[in-house]
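Alright, structures below, take your time with them.
Presented sequentially are two complexes of subunit A, the first with subunit B as partner and the second with subunit C.
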Partner chain A sequence: MKLLSPRAVFAAIVGFNLVALALPTLVILGASFTEGNMIVFPPEGFSLRWYEKVLGSESLQEAFGRSLWVSLICTAAGVPAGALAALGMARFRLRFSGVLQIYLLLPFTIPLIASGIGLMLFFGEIGVLGELWPVGIACAVINLPFMIWAVLASVNGLDPDLENAAANCGAPPVQTFLTVTLPAVMPGVITGGLILFVLAFNEFLVSLLLTDAHTVTLPVSIYNSIRSIITPDLAAVSVVYIVVAGLAIVLLDRIVGLEVFLRSK
Partner chain B sequence: MSAPMVKVEQVAKRFGEAAAVADVSFSLERGRFLTILGPSGSGKTTLLRMIAGFIDPSAGEIFLKGQPVSAMPVHKRSIGMVFQRLALFPHLTAWENVAYPLKMRRFDPREIPDRVARFFRIVKLDGLEKRRIHELSGGQQQRVAIARALVFEPDLVLLDEPLAALDRKLREEMQVEFRRIQLDLGVTTINVTHDQREALVMSDEIMVMDHGRMLQLAPPAEVYRAPANAFVAGFLGLTNLLRARVLQADGSGLRLQAGDREWHQPMSRQLTVQPGTWVDCALRAERVRIVAADAGPGTGEKARGEVHDVLFEGDRVVYEVRAPALGDAVVRVIDRAPERHRLLERGRAVCLDWDDTDLLVFAV
Partner chain C sequence: MSRYPITWRLLDLVEAVAALLWPRALHRYTGWLLLLPAIALVGLLVAGLAYMGDSSLRLLDTETFEQSEDYTLANYRDLIEKPTYFTVLMRSTGAATLVTVLTLVLAFPYAYSMVRTRSAWRRKLLLVSLFLPFFIGQVVRAYGWLVVLGKTGIVNTLLAHLGLGPFKMIYTYPSLVFGLVQYMLPFAVLLIAPAITAIDEELEAASESLGATGWRTLRHVILPLAKPGLVASAVVVFTLTITDYAMPVVLGGGTNDFIANAVYDAFFRISDNGLGSALALTLVVFASTLVAVMLGLMGAGTLGMRPSGRGR
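After this line comes the complex of A and B, so read on.
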């Protein structure tokens, strides 16, 4: 019996992984172009009618707008908090630095349903439950570890003498931070910011707990429709999601270059 | 009488219990080039960083142009520095890196382009202004770092072993070139290195440090010819160090013993040692004469031995000779004209000889 060459085995594994990774996307993409009334794959015929329906749907548009708003709030709150936390941890030899690091990464280890209920109780107590902005804050809180990681990766790659060099060139501390430290960690900040944005845009569980009928975000709205009847417009909405995520990646590549992101240690 | 450019007065730095720098004092006149030479962990970089202001001294005071600087933050000191890993700003171009200190130090914006251009010419990088740092070679980055440190014409420039990472040929070129620039601009410079050749080539003065202490401060030729102690003698050049016992001491010299050999060592300088104590004898490898034992009479002989190893380095040969009579010490010998002599092979019996004045004796 002739053994398969290692090259062929390798190619087969890579091929399988690529298909497995792309399959859900391809299925949903195909299904969204169907002509029929059922969400099926392969699609029956080709039409853009479900896109038309999605784009015409006022409730989906509103939900999309709310998700966008939540993402913006999450990014605006999470970027400075995460970036400063990461810089602080890396730059100052804080006491309990290890404990602090674990504490800041804690949201990651708690099941979303638990933090969601906790946040729901908290926002209910201070009487803001049902408004939209707390959803953004909640997303920032639970996704903060991603931001901290992204910036830490950038900071740890920095030469510690960079700030000394700026001071030596005559830059006072604030100038040093603005003209050297911040630009040098910018790739990490942008990466983290885009991750925060996309995660908040996609966030389902916490949104479900914190929103009501008037403030549903896009994922919650989709979930609500699945419970009644599954029509291809859901596939079309999902494609909108994929496009948003794709745009984020393109943006990342344009601004910082994907190789910076992939290289970050 | 103007104050010296730099004056360091009894400066010490302790990290917890350990003293990184202990009680160092020196001063440096305007335009001079001082190299602080020492092995790693000798405290030389700590001393340099205290002068730059990155570390506060535990004791003592540093003066720049007669002004104490302990209360002066880093960015207020007129000091340029070339860092060990260069610390160039990665998000800026070469030009922006060099212009950065001028902007921060509020130079007239109309003057900045000409000044930056002049320093690009000085470090021979004209044409590469628009490059980003990672688009430059190691040697070019070095030049940007040098230009950035010099461009605002600081009172003092500090070099923290910036050349250590370069390959040997490039490093030797940069040593000569930096020295030329330094002399042209007349800028006072303190360099830190563990490379003895760099110290000898570049400096007006060398300060040898070990374990946080200053062992000697003198011009290169003096440090080489008249080392202050056995450590300095061993650190510069290829030096044989031999421990010997003092049998007798009088006005004319010492009677010493090492292994089976006993000899009278005339002393040119005063050294107070008691009989029965130990001394270190330092002997430069290039000061030892070596001949084959069967070459016949005609030369003196201080020790016999056997060639243990031969290192042919082209312009010179280093022999390692095992000398049983000297307590089985290995004596290294440099023959500077190997093309004129036949190489002595391994295992060859040889005679070693040197002038009494070339043997330097230090109290232990």
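After this line comes the complex of A and C, so read on.
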């Protein structure tokens, strides 16, 4: 009977999850260091040759640079828009706030394929399809709710009386905003910004729809290679993503602490 | 005046400009001003949908490959009449249901253990294990599964030691479902965890001290109280799965297409923008209706955008 207590079953499921969550990452890491030409298990020998090959590849470097640029544009557009929207919704009693909530959730409720195709048609119509910045803007649009959620979560920790006190002491609106409001929601802004950056760096489907052969981003370029033949150099490229993800997690943990995601609303 | 530090004078300038551009009379609209950039960004999406709506009402001329001038519902009729689209819809819905159930079953114990563990170290391990794949992205993860489940991958190699296999696992329905579940797990856990945090631990202790077994406490105390998180994650996992593109195309190997794959093919294989738009809009309506019904039946859960404790 003890074997089937919730505690034991939960522990077993958690163990299974940990393996399932970690396995692709570990396998990619392992495969990237192989000496052989094929991905086999266990990896044959140890070498950095696939990293050398990847670092020498101009097309991969360019794809990496493009992905970085897309992420920067996405963050630059999405962070202010999302943060201000969250403050606007939390701080002001707006009419139609129910409709507004539904509207701002649209990027989340509209399927990604539809958002991507719609934006593709729109950007095509205004003649900017094939350039890189619309991809960044598109990423900001589809991930905007994440930014708004992140900032709303930290607005809860901000006492409106603090802003009133600042105003009472003679601080004009902009100063109140810069010295009281913004620092208070900064953890949310940073969390949201990091998430936006990483999600844009990873974004595959919207990139696939909005880029052409000259503007492929890194996820699309990996995808194109998967479709042909699976060689270890792909594993070495994928390690870029593991490193970026690791960095983002360390930053998040240092700045706000991963535990904030467990807080109840 | 000039004795003041430069930052003060700059700030005064900014205040003056702000007061000029946004006079006090407009202050009651400040909320809307703050929302303007976000509304504009989402506006691009709405504009895109409008273009799709327009395109979906025009028929493709197969001679010239241009869309007709006048409106027709022919594309929507096509969708209903062609059995392939019904099959794809059913496949996506079935897979989404299966993935949602499996994900919730796996995610709940993970979220519960993560919130309730006394060891800060273990909590951190569970959090990092969750965020790492979440931040790695779908294509790389799908690629990882190709390597794990491939002909010479870990699973087949281990099975070979037991004298079994090799089994063809990639490009099959089970591996697609498995890949999707692993992909959805972080979303589900992160939506369930706050709901569990909100449960007073003493309620569980009270239930057990009154003689309820672990399972009865789980069923009658913990699960009902965790409902907002479960609802939110069910809705999110279901909609993300039913609209997924990457997993079916990478792990499904082209024989297990979902609706999104059919939309993509309509645009880029047969170049019929009208048909593709009609299909994509149908998906929008289908998914939105499902979300609305689920949220209507079960409440907004932890998905609400309103900060807690205010104006509810």
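As a working rule, the second predicted complex is superposed on the first by the 238 of 265 C-alpha atoms of A that agree within 3 Å, B and C clash if a C-alpha of one lies under 4 Å from a C-alpha of the other, contacts with A are read in each partner's own complex, and residues count from 1 in each chain.
One rule holds for everything that comes next: contacts are C-beta pairs under 8 Å (C-beta built on N, C-alpha and C of every residue); 3 or more make two chains touch, one makes a residue touch a chain.
This structure is a prediction, so every number in the text was calculated from the model and none was measured.
**Student:** Following superposition onto subunit A, is the placement of subunit B relative to subunit C best described as a clash or a fit?
**Tutor:** Pair status: fit.
**Student:** For A:167 in the superposed arrangement: first (subunit B), second (subunit C), both or neither?
**Tutor:** first
**Student:** Using the superposition on chain A described above, determine whether A:72 touches subunit B (first), subunit C (second), both, or neither.
**Tutor:** Touch status of A:72: no partner.
**Student:** When the two structures are overlaid on chain A, which partner does A:55 contact: first (subunit B), second (subunit C), both, or neither?
**Tutor:** neither
**Student:** With the two structures laid over each other on chain A, which partner does A:198 touch: subunit B (first), subunit C (second), both, or neither?
**Tutor:** Second partner only.
**Student:** By the touch definition at the top of the document, which applies to A:175: first (subunit B), second (subunit C), both, or neither?
**Tutor:** So A:175 meets both subunit B and subunit C here.
**Student:** Going by the touch definition up top, name the partner, subunit B or subunit C, that contacts more of subunit A.
**Tutor:** C
**Student:** Between subunit B and subunit C, whom does A:113 touch in the aligned arrangement: first, second, both, or neither?
**Tutor:** second
**Student:** Where does A:90 make contact in the superposed view: on subunit B (first), on subunit C (second), on both, or on neither?
**Tutor:** Only subunit C; A:90 stays clear of subunit B.
**Student:** Going by the contact rule set out at the top, does A:148 touch subunit B (first), subunit C (second), both, or neither?
**Tutor:** second
**Student:** So, does A:128 touch the first partner subunit B, the second partner subunit C, both, or neither?
**Tutor:** neither
**Student:** Quick check on the superposed model: minimum Cα to Cα separation from subunit B to subunit C, whole Å please.
**Tutor:** 8
**Student:** Residues on subunit A in contact with subunit B in one complex and with subunit C in the other?
**Tutor:** Looking at subunit A, the two contact sets intersect at 172-173, 175.
**Student:** Can you list the subunit B residues touching subunit A in their complex?
**Tutor:** Answer in residue numbers: 52-54, 73-75, 79-81, 83-85, 87-91, 100-101, 104-105, 148, 152.
**Student:** Can you list the subunit C residues touching subunit A in their complex?
**Tutor:** Checking each residue of subunit C against subunit A gives 11, 14-15, 18-19, 30-35, 37-42, 44-49, 51-52, 55, 105-107, 109-110, 112-115, 123-124, 126-148, 150, 152-154, 157, 181-182, 185-186, 190, 193-195, 197-198, 214-215, 217-218, 239, 242-243, 245-246, 250, 259-260, 263-264, 267, 273, 276-277, 280-281, 283-284, 287-288, 291, 302-311.
**Student:** Write out the stretch or stretches of subunit A touching subunit B in their complex.
**Tutor:** For subunit A paired with subunit B, touching residues are 159, 161-162, 164-173, 175-176, 179-180, 183-184, 186.
**Student:** Name, in rising order, each residue of subunit A that touches subunit C in their complex.
**Tutor:** For this pair, the touching residues of subunit A are 5-7, 9-11, 13-14, 16-18, 20-25, 27-28, 31, 38-42, 77-78, 80-82, 84-85, 87-94, 97, 100-101, 103-107, 109-115, 117-122, 125, 137-138, 140-142, 144-145, 148-149, 152-153, 155-156, 172-175, 178, 198, 201-205, 209, 219, 222-223, 226, 230, 234-235, 238, 241-242, 244-246, 248-249, 252-253, 258-259, 261-265.
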